[in-house]
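Once you scroll down, you'll see the structures, which are given as structure tokens.
Two complexes follow with chain A in common, the first pairing it with chain B and the second with chain C.
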Partner chain A sequence: MNVEVMRNVFARNDALAADTRALLTQYGIVSVNLIGGAGAGKTTLLEATLPKLAGRKRTAVLEGDIATTHDAERIAALGVPAMQLLTDGGCHLGAALVYNSIQKLPLAELDLVFIENVGNLVCPANFDLGEQRTVAVLSTAEGDDKPAKYPLLFKRANAVVLTKLDLLPHVSFDVEQCIRYIRQLNEAAPIFALSAKTGDSLDDWVTWLLSA
Partner chain B sequence: MHEFSIATELVAAVVGEAERHGARRVERLECQCGAMRQIVPAMLIDAFELAAVDTLAEGAQLTVKTVPPTVRCRDCGAETQPTDWAVECPRCTSLNIAVEGGDELLLTSVTLEVDDER
Partner chain C sequence: MNVEVMRNVFARNDALAADTRALLTQYGIVSVNLIGGAGAGKTTLLEATLPKLAGRKRTAVLEGDIATTHDAERIAALGVPAMQLLTDGGCHLGAALVYNSIQKLPLAELDLVFIENVGNLVCPANFDLGEQRTVAVLSTAEGDDKPAKYPLLFKRANAVVLTKLDLLPHVSFDVEQCIRYIRQLNEAAPIFALSAKTGDSLDDWVTWLLSA
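So, the complex of A and B:
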């Protein structure tokens, strides 16, 4: 028996992601999935961003990692509720883990939930977690051609954050060239070039989050 | 090696189809992968074989078809479908291109073994 189908391979994941999205929408929560390579500065970006949102948005962070609770501890030190999601070697977060975890958050008391994905430019790009905004995080230390090498993430992203701008004098990263590669894939996403370490140029990114 | 994660989802999708039709097992399946998914067909086939063990899809034969994206050049206007993921217009080598499609990942055909085939 031959069956012609046209079925999304990620149907199982995407159904759970839709449940997460519906639940968050019900509570008026916006969630942001941060995807970037290991060491791109995702946690440092959150450390710089969360204090700027304080008093304006009630935030929480789901910290995806392969191992250790280091990142959740860094966020908790800011007084922001943080939950560590460990994949035990898994290279990305899936919708099921996020769906189960998000229900443990005090949803009625939150406006903005960040989901920091496992450091990886490839696998997480395939998995919808039920977020409202997907953000690609790329550091100047990684190279300006990364959007060309990992197109799926940059095509899917609703915004791109270029981090570690303070390293520009020390690395061969051409910001214009990087933006050109991003625009091949994605004409609409705003691109925020900033330094989370020095706090330079964070304002546009924070404004975007406030209006998300 | 994101092929294994994708293989696991593919097994779930095809087993879902098999159960929906009350099949005894899956014989063959075909999927379309956009080039932007950066899937190595041979690796996906190997990963699928492992992921399918102890399911209705164990031993099923997987065929992977890679679908190229459409590259539209904003400078010379050429529209091409390069089989490999490219960052420049194959005609005029401009980097000022727009890449459309090539991100699909679909299960397109399943051959099932059912008990009472009429």
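So, the complex of A and C:
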């Protein structure tokens, strides 16, 4: 019984995700679903990335959170269109909320739409939002074994961003070991180790987004 | 229909949590449910705390994870009985798994049982495990606004541990602001700001556990 209910939830989600994907494709828009734990640095990554895309890609951001509009305010402060999607307690964004929200964006004037998911390494990985690219975001403060402990996201990701490289001298995080864990799950996804705070090593990530 | 199913899930969970609580009370055991995001430092907190309880409280640890036995191995290395509870994809521990596991512990020989939940600031806060104390664990690397953004856990917590105080010089984290956010949700819970890595300021937390 429970299994059947879950199937229904996923089937409904997947149908709406397919509608979102069709709509975005029609407008030539690529969307990127950023998934990572609370405090992994997803918003800071966007704050560092969006100015580098300016003039090359027309961007917008859907900010998923359980509560508050902090993150959408941070993005709007950059002059980038931002919309706050509140789940009111929900632990992940669902395709329905994204589908309804994305239609309120000026789609004809956009190239790249970021969807920042609720901070959570687990649940968001189960839900297709209709994005073209799924990006896992993990910070060096979280520990290098997290891909092994939370495998689904890293299996599914089209790219992995290791953030907060500036903290490496102060935390126990072995970048090579982390990459080995990721490669056990995912042979193909590019891995970008960078610091959004200092701007260090952002270029490869930006280049990947430009060609996405 | 969905609401009804969720009610059934919670009702079944709460019944098993009540059974766990009754069993622990019968043996005079206090259990502590540690909840925080992946990489907040829950296991490191236990590694620093357990030796300080040695000789004063007889402890055991149930380690909740989606995959791997890394964390139970870290605890067992301290000579403390540890059991790994794997959710196989599940984003939180449920009362059924805890109830079945706790009966395998030598209950007559224990005073304090820690349950380290799956790394997730969101879902575990919804599920009573039958614990006597719920503890929220947040690291300074995650950002001071996380209580506002993930309110349920901080509302429900009997205590809050702010970990990785040693990272303060390297991250943007305003301890006073974080405490204000917590106090908007929870007036009573003690807040322990500490570094499990350096051992700094652990004493108040240990004293609280001793009197729990």
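Operating definition for what follows: the second predicted complex is superposed on the first by the 203 of 212 C-alpha atoms of A that agree within 3 Å, B and C clash if a C-alpha of one lies under 4 Å from a C-alpha of the other, contacts with A are read in each partner's own complex, and residues count from 1 in each chain.
Here, contacts are C-beta pairs under 8 Å (C-beta built on N, C-alpha and C of every residue); 3 or more make two chains touch, one makes a residue touch a chain.
Since we're looking at a predicted model, the values are computed, not measured.
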item	value
Which superposed partner A:L86 touches (first chain B, second chain C, both, neither)	neither
Chain B versus chain C as contact partner of A:V175, first or second or both or neither	neither
Chain B versus chain C as contact partner of A:P151, first or second or both or neither	both
Which of chain B and chain C A:A67 touches, first, second, both or neither	second
A:L107 touches, of chain B and chain C: first, second, both or neither?	neither
Chain B versus chain C as contact partner of A:R12, first or second or both or neither	first
First, second, both or neither for A:K164, with chain B first and chain C second	second
Which superposed partner A:A96 touches (first chain B, second chain C, both, neither)	neither
Touched partner set for A:L185, first chain B, second chain C, both or neither	first
Touching both chain B and chain C, residues of chain A	2, 5, 9, 91, 122-123, 145, 148, 151-152
Residue ranges of chain A touching chain B (in the complex, touch as defined)	1-13, 90-92, 122-123, 126-127, 145, 148, 151-152, 155-156, 180-181, 184-185, 187
Chain A-facing residues of chain C, complex	2, 5, 9, 37-39, 65-68, 70, 89, 91, 118-123, 139, 141-143, 145-146, 148-152, 164, 166-167, 170-171
Touch list for chain B against partner chain A, complex	1-2, 5-6, 9-10, 12-13, 16-17, 21, 23, 31, 36-38, 85, 87, 95-99, 103, 105-114, 117
